[in-house]
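What follows is a pair of complexes built around subunit A, which joins subunit B in one and subunit C in the other.
Our next item is the complex of A and B:
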């Protein structure tokens, strides 16, 4: 059996993987920078918490509604994002994060500064699920996100996103409905963040506005960028490494923002594609090694 | 007969600056029309307005009799208008094949997409050799082939070519014009915008001269090529 502490860490990392994968849809594949991903995690967490504690719905309906509501709000909030690009988009999404956090913080319905408590772990056949069971659920959701990622990147949607990311105007001239595909990216990415938020709320059993602040958005974005934006493996590895770092090293916990910031600076300078990006050092060396070994085999 | 494309009193401005000042022209099926003019005369602006990448200040654009003046670019692409933009604008990180597949975005049947890729590889065998390479690794000439091949993927009714010879070495310029001429012979309708007036007039059926946003001369390409004013201003005397 895994120790309780280890399971807790693994669940946290797992939730970050879901968040990183969902942000990767928006920022990695569709190329729309978002500095407000934690807002949609928060919308999912609060939706789930409110349906669970106030409406008396069970875990499963609350969980699914969290994804649905976050996806819908992501679609609506994508509209002001459509007219802006790059740095203006970054500021717009940042603004969305502040507005959403302030809404949770100042409106009593959302528990204001006190947050919402009493959100339990889900029950199976009347019995509260064990932490290991919850970890299995998180892993299942990660599996679904990976399947969605694979399906999207191999379909026309992935190709259309790539075109929009590289040259929006050329994409339009090729018949791609740029608006529709941008909205789709925000909708799917936000829905993923909403599901992660729900898992987060039911695991912590207590949520506060500060959990979904701009700083949290930066943590998620750091994970995506660190691992390798626009790839499947990148955000997963980024979430594992940056998620485990504060647990492994106390100083890294205390100076978390500083460590992440430094890592990002170094990365942007030396490996802008992330440690596992398509053209980064590690994958290239790995491919070279593979070719060398293959040649060695056929040579004998 | 309704023209394939009809442009009436088109005016396009960038802020205060009028780049195109009320021009009218039309293209009929099977035409190879060229608009020649100096740098900054408004040629590219005209093409971009026809594609829907710029919003005209006034005037009308009709395609097969339907007004498309306010329609976004992606809907015009679906009607069969395709632009090969200046500077080629191929997608740098996507492979040659992915670039071609994206060109066929409006083609509904997967079988037709595969046929289109085959056609592109027959037209430009170099692209077949480079099928899996990223667009940015191609040479300038190969990128130009890819840009044209990509536009042809959907078998457009109207092909808009913006300065396709720009920045190519002379032998490639000749090849590119030969390709355009071949496409025209096979029935394509083409609007060609060029600074290289000599080559453009040599292959075109009809021509317009654009000067600081206004059309100053029009006629058959042969007549314009023989016109003393055109000779002096654009053909080097």
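Our next item is the complex of A and C:
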């Protein structure tokens, strides 16, 4: 049996994996810089919490509604983002994050600074599920996200996103409906963040606006770029490494944030594709090693 | 009450203008979103404080802070941004965020997590116009800002160096073919922008009577919003947007008392303006 502490850490990391994978759809595949992913996580968490505590819905409908509402709001908020590009887009999404957080913080309906409490773990056949059961649910959602990722990258949607990412004008000239595919990326990515937010809310049982601040967006984005943006393995590994880092380095608590900042700085400076990016050092050496071993075999 | 709030708004706007000017100049020449600029701003405040304790002169400590920040700006440009220019925009942006986080932590570890008192007796005349009176520190901020803005304007519009800087911002490759050392110009632009941020840090330290490790957190992102509002890379636009946001913050929150966090206002204004003018208030196209 896993210890309670370990399960808690694993669930947190699992939720970050979902967040990183969903952001990867927007920023990695479609190439649209988003610095406000935590806003959609927050929208999901608050939707789920409100439906659960105020409307008296169960976990499952609240969970699905969280994904739906976050996806819808992601679609609506993508509209101002469509008018702007690159640097303007980065700052617009950052602005959306600050405005969403301010809305939670200043409107009494959302619990204002007090947040929302009393959100329970889901029930399964009339019984509250255990932490390990919840971990299984998180892993299931990760599995679905990976399947979605595989399906998208192998379909026309993935190709269209890649075209837009590499050269928007050229993609438009080739007859790709740039607006539709950009909105689709924001809708799917935000829906994924909403589901993760719901899982987060029901796990913590208590949410506050600060959980969904711009700093949280930075953590998610760091995980994506740390592992390798635009790949499937990158965000997963990034979420695991950066999610586990605070747990492993507890004794070095004092310098944790410093290490985090320096890590991002040095990684971008020397391995801008992330540790597992297509052209980064590790995968390259790994491929070289594989070829060398294969050559060795055939040589014998 | 109203006039007092307007005075506060002008002082706030002046500090925003000093900070955002550097950002917009840097964006002009390198096209990077320099989040770590706010780290330089906080560095300026700390250096200013230390220099003030040794030199016991406000003006000398302001100068020292500006020189140190200029050097730090050149370091950031040479080490972080220039090697990453050929990569997607997100790479230098994340690197810059990493640097900013690390700088804030370094300040906390070196100088302690608490605010340090900045005790200065400022003897400065108090400016006023009719019922509008600026207090001595506000007058100081306003005067120093106007002085630096005036110097910058003279430099950019009346000197050969300024011409080279404007040309580099417009088209670095073409400028280089005319025999301009654009690398040097980029470094100089960073130095000047960072010196202005350092001055802004010192002024805020004096105005609030304290310096603290996370003092750059809010300017880091709010100034980006202001820069975008003014039209990225557009210098008059940044100055205009800085004073507008400074006044809007103090008047809407302080006088009208709308229930909204002060620091999110700049972003709301930015998103609204971008809906109608995707290149900012004074941006072209």
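As a convention for this text, the second predicted complex is superposed on the first by the 293 of 300 C-alpha atoms of A that agree within 3 Å, B and C clash if a C-alpha of one lies under 4 Å from a C-alpha of the other, contacts with A are read in each partner's own complex, and residues count from 1 in each chain.
Everything that follows uses one rule, which is that contacts are C-beta pairs under 8 Å (C-beta built on N, C-alpha and C of every residue); 3 or more make two chains touch, one makes a residue touch a chain.
Just so it is clear, the structure is predicted and the values come from calculations on it, not from any experiment.
Engineer: Sharing subunit A, do subunit B and subunit C clash or fit in the superposition?
Structural biologist: Aligned on subunit A, subunit B and subunit C fit with no clash.
Engineer: Between subunit B and subunit C, whom does A:160 touch in the aligned arrangement: first, second, both, or neither?
Structural biologist: Touch partner of A:160: subunit B, not subunit C.
Engineer: Going by the contact rule stated at the top, is it subunit B or subunit C that touches a larger number of residues on subunit A?
Structural biologist: Between subunit B and subunit C, C touches the greater number of residues in subunit A.
Engineer: For A:261, decide between first (touching subunit B), second (touching subunit C), both and neither.
Structural biologist: A:261 sits against subunit C, while subunit B stays out of touch.
Engineer: When the two structures are overlaid on chain A, which partner does A:176 contact: first (subunit B), second (subunit C), both, or neither?
Structural biologist: A:176: touches subunit B, not subunit C.
Engineer: Between subunit B (first) and subunit C (second), which, if any, makes contact with A:60: first, second, both or neither?
Structural biologist: Neither partner.
Engineer: Angle subunit B-subunit A-subunit C between C-alpha centres, in steps of 10 degrees?
Structural biologist: Vertex subunit A, arms to subunit B and subunit C: 80 degrees.
Engineer: For the superposed arrangement, tell me the lowest C-alpha distance between subunit B and subunit C in Å.
Structural biologist: Minimum over all C-alpha pairs: 7 Å.
Engineer: Under the stated contact criterion, what part of subunit C meets subunit A in this complex?
Structural biologist: Result: residues 27, 31, 33, 79-80, 83-84, 87, 89-95, 97-106, 109, 221, 224-225, 228, 232, 259-261, 263-264, 267-268, 270-271, 274-275, 278-279 of subunit C touch subunit A.
Engineer: In their shared complex, at which residues does subunit A touch subunit B?
Structural biologist: Its residues touching subunit B are 156, 159-160, 162-163, 166-167, 169-178.
Engineer: Can you name the residues of subunit B that touch subunit A in the complex?
Structural biologist: 51-53, 72-74, 77-78, 82-83, 85, 89-94, 98, 101-103, 105-106, 150, 154
Engineer: Sort out for me which residues of subunit A touch subunit C in the complex.
Structural biologist: Per the touch definition, subunit A meets subunit C at residues 27, 33, 80, 83-84, 86-88, 90-92, 94-96, 98-99, 101-102, 105-106, 214, 218, 221-222, 225, 229, 254-255, 257-258, 260-269, 272.
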